[in-house]
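There are two complexes below, and they share subunit A, which is joined by subunit B in the first and by subunit C in the second.
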Partner chain A sequence: MATLHLNALGKTYPGGVTAASEVSVEISDGEFVVLVGPSGCGKSTILRMIAGLETITEGELSIDGARVNDREPGERDIAMVFQNYALYPHMSVRKNMEYGLKNEGLPKAQIAARIAEAARTLRLEEYLDRKPRQLSGGQRQRVAMGRAIVRQPKVFLFDEPLSNLDAKLRTQLRAELKALHRRLGATFVYVTHDQVEAMSLADRIVIMNAGRVEQIGTPMDLYLRPASRFVAEFIGSPSMNMLEGRIGADRASVTFGQASALSLGFDLPGPAGHPIALGVRPEHLHLAPGGAGGIDLAVQFIEQLGADTVVHGAVPGAAGPLAVRLAGVQRYEAGAVLSLACSAENLHLFDAETGVRLAADAV
Partner chain B sequence: MQKRVIFRSRSLPYLLVLPQIAVTLVFFFWPSYQALESSFFIEDAFGFSREWVGLRNYRDLFADPGYLRSFRTTLVFGLSVTALALGTSLGLAVAANRVLRAAQSYRTLLIWPYAVAPALAGVIWYFLMNPSMGIVAYWLKGLGVEWNHYVNGNQALILVVVAAAWKQISYNFLFFLAGLQSIPKSLIEAAAIDRAGPIRRFWTITMPLLSPTTFFLLVVNLVYAFFDTFALIHATTNGGPADATSVLVFRVYNTGFIGQDYGSSAAQSVVLMALVIGMTFIQFRYVERKVTY
Partner chain C sequence: MVENRPILNILTHAVLILGVLFLCFPVWMALVASTHGAEALSRAPIPLWFGGQGWDNYTQLLSAGLPAAGGVPIGMMMMNSLIMALVITFGKIAISIISAYAIVYFRFPFRMGFFWMIFLTLMLPVEVRILPTFDVVTRLGMLNTYAGLTIPLIASATATFLFRQFFLTIPDELVEAARIDRAGPVRFFIDILLPMSRTNIAALFIILFIYGWNQYLWPLLVTTEEGLYTVVMGIQRMVNSGEALPVWHFVMGTAILGMIPPVVVVVAMQKLFVKGLVESEK
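Right after this comes the complex of A and B.
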């Protein structure tokens, strides 16, 4: 149980490649923090720096207030679950879990007690004497977690632990992981590229892009008030629609191309003609009765998911496609035109050049 | 998918394996049979007559203290070569495995000694350690070691052990390096997080995972040292001084071609054959049981 402070952490490889820079996060005791981002964004590098598997080239890392930059992985009192589980193939499940405890020099009775408890909570009792290759993917995953739990570390680190499992098992283990976190009350740092996993597990999400932190916040912060266009498009599925346009002459509307314009009903910051991106989530658009909506959508195809229907199409005059998520089973032919509306609080405006959120206070 | 081929004609499959069988029969079974047969006879040096003597050649052999000493020499030689070759190559492989840049060129450079013929390898070391002009002998003299393998039997044995091991190191190195590289890095990292230091990691994770490679190389090296080092010894010490480096394979040659005692030489060959068969048998029994994880 511990706090974890990442202070302007950075990693530059000897060749000059920078994997991460200026990453600052304060993780409090018992928090479940998820690092999320596309592949190559530096999230795994950050996790491996916390673990001590990568040297820290810039900044400072402290656990419980003590600087640990130069400590060996074994001296940091952390445990890690790897993407490929990294179970020792020549040892039984029991030996796998014992290994770290034996290295710590714990008395035998205590080791046995901890393993018995972990095996019970993870339902591994009957597999203790099997070798890893005799287990299924889900079981191996649980052994990897067991190996971390028995250590009773200050911080648990997870490196995409569910990405090698099939979708159904992933959902199930996600719930188990969440329950485990509640029961242990320990500090978890979790890396994933799957935004659904991040949203469902995290107390707070650190979303990264190109080695830098884009935004830190609760899942709902990120969903409702994305700080940048990148965050807006990364979180949520199907992802947020982005319509590129310019601030209108009255500074209260957005113009698309020559013809069409969308009146917003509030003032925009910035000069007329400034390029912006207007974002709206598919689930926040709804059909306007009687064609009274501000946005017309020419239907191209639909995805029927049962619980809801995603309609894909194009907005005449505006660049880029648009998707709408409508509740229930809906049927539209390609070419039909829908009139859509959206309440002002669900509109997100971003500077088209910098990607930074605009009008955060105006909305 | 059908893996087994079914032939329509009965004779074709036999015809297809015939060349292989013919080669085996002519070059392996026939000489082996000849050796076995000769070992029951005493022959005159010119091959004009021979006399059936039953097991006398074998009785004489095992009553000969020189032959029994050869057994001991072979054992010491074989185990030393194997230990030295495996130990050194493992050390080199572990070191090379840590090198990321130019790993390919290291590997290429280190394989070179394997391309050197055994006799030549022997000669190289013979010159290096020659008491009157060898550089290594000169260095040893500087350290206060009086090196003369012409006189000192133990030093002669050390010379052939070093030369034989040196030649085998590159071969072992390649296998060890491949074995080390097939161990997932995350296992070593997991062990590091589990508070195991580098040495403990090596013995508890790396070595067990490397055991199939190690066992394979152990067998290869033992067979090499026991049965494949004739040329090397012939070119360097010629079995001497005073039989100190006369291993079993060398003795077979010496008895047969120098001493012209074909019967005893054949009997020695049969003993060697029995040894090879025994070792192969142990290898296959053992390989399937213990060295898996």
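Right after this comes the complex of A and C.
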């Protein structure tokens, strides 16, 4: 149980490559924080710096108020679960879990008690004397979690722990992880590139891009009020539609190309002619009754998902594709034109040059 | 694949059996010869079946040795060979695995330089550097000692390369997991790396034991005392019996005895070796 304080953390490799910079996050006791971002965004580097596997070149890291920058991984009171499990192949499940405790010099009885408890929690009792190679992927990952749990660390670190598992197992283990977090009440820091995983697990998400933090917030903060175009497009599936345009002459509409314009009904910040990107999530678009919507969509192809249907197409005049998610089973031929509408509070406006969210939230 | 070619099967088996017979024949000859007397072996048709002197020949070899060849009992030579082979084997494995550990897991200046220097020793077998090595051993006063017999043969990290390649295949996460589990460098080496290298060590043990056991030139140079003779040298000395009739029955007996330890090592370690190969997984 601990708080974790990342203060302007940064990593520059000897070659001059910067993997992460100016990362500041306050993680409170018992919080489940997910670091998410595309590959190479520096999220794993941050996690490895917290673990002590990577030296910190800038900034300060404290666990429970104590600066730990220069402490060895074993002295930070953390436990880590790796993507490829990193179980010791020659040791049985029990030995794998014991190893860290033995090195800590814990009495045998206490070790045995902790392992029994962890095995019960993770339903590993019958596998304790097997070797890792005799276990399935999901079981191996549970052993890796067991190895972390028995340590009773201040902070649990997870480095894409579910990436090597198949989809069904991933969903199942995700639920187990969430339950585990609730039961232990410990501080979890979790790295993933999968936004669904981030959304479903996190109390708070730290979304990173190119070594910097883009936004920190609850999953719903990120979904409803993305701070930048990057966040908007990263969170949500299928991802948010972006229509590039310019602020119209009346500063209350967006013009696309030469012909079409979309009247928004509220004033836009910024001068007329300023390039902006108008974002709207596929699930927030709906069919306009009587064909009186603001956006026309020329259907190109549809994805039938059962519960809903994603229609892909193009908006005449606007560059770029547009997708809309409609409930239930829908059938449209390619070439059909749908008239779509969207309520104003579901529109997101971004500066096309900087990607920053425009304060059009005066809506 | 369905295979139904009886004639080919017979043919391949015939070739196989011929090959086996061809390879085993000299061993058979040695075994048979070691049970005869000297006269039987110097006459024209060499016997192909056991004679009646086996017991006497072997008891004399093991207890008294040959007067003409210094009178050292074979048992003692075998012991010398065994000591030499084992010291060389363990010494080489220990040096190689430790140096590979340093080269793979530690960052120090001229790391690759050291690796290539070690690698170069592969190109310098004992025979090439025999004169300078002999000079060094002489000056250090190591002639006629077990140290002189073994240390110069240990001092080439032949297996470093092999261990290095193996260590490179061990995922970094395992090292990191061990670091988080509070295992320092020594603990990691003993608890994780050594057990994981077990099959490599077994394979090397076989190769190096036979290498050590079969050493001929080097022991011949550094030992002049009979108490340090090895079996391989012993055989050579028996053949060089000067004017007298060559004692083939003793030579063959010694050869048979000298073959036993390597065979035992191969048979014993093969199991571990194969088991390790089948189970290998990281």
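We take it that the second predicted complex is superposed on the first by the 361 of 363 C-alpha atoms of A that agree within 3 Å, B and C clash if a C-alpha of one lies under 4 Å from a C-alpha of the other, contacts with A are read in each partner's own complex, and residues count from 1 in each chain.
What we mean here is this: contacts are C-beta pairs under 8 Å (C-beta built on N, C-alpha and C of every residue); 3 or more make two chains touch, one makes a residue touch a chain.
Since we're looking at a predicted model, the values are computed, not measured.
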Based on the superposition on subunit A, does the combination of subunit B and subunit C result in a clash or a fit? clash
First (subunit B), second (subunit C), both or neither touched by A:Y332: neither
Once the structures are superposed on A, label A:G100 by its partner contacts, choosing first (subunit B), second (subunit C), both or neither. both
Looking at the overlay, what does A:H90 touch: subunit B (first), subunit C (second), both, or neither? both
Looking at the overlay, does A:M80 come into contact with subunit B only (first), subunit C only (second), both, or neither? both
Overlap of subunit C and subunit B interfaces on subunit A (superposed complexes): 51-53, 72-75, 78-80, 82-84, 86, 88-90, 99-100, 103-104, 147
So in the complex, which bits of subunit C are touching subunit A? 171, 173-174, 176-183, 187, 191-192, 195-196, 198, 279, 281-282
Could you please specify the touching residues of subunit B with respect to subunit A in the complex? 184, 186-187, 189-197, 200, 204-205, 208-209, 293
Show which residues of subunit A lie in contact with subunit C when the two form their complex. 51-53, 72-75, 78-80, 82-84, 86-91, 99-100, 103-104, 133, 147
Residues of subunit A touching subunit B in the complex: 51-53, 72-75, 78-80, 82-84, 86, 88-90, 99-100, 103-104, 131, 147, 151
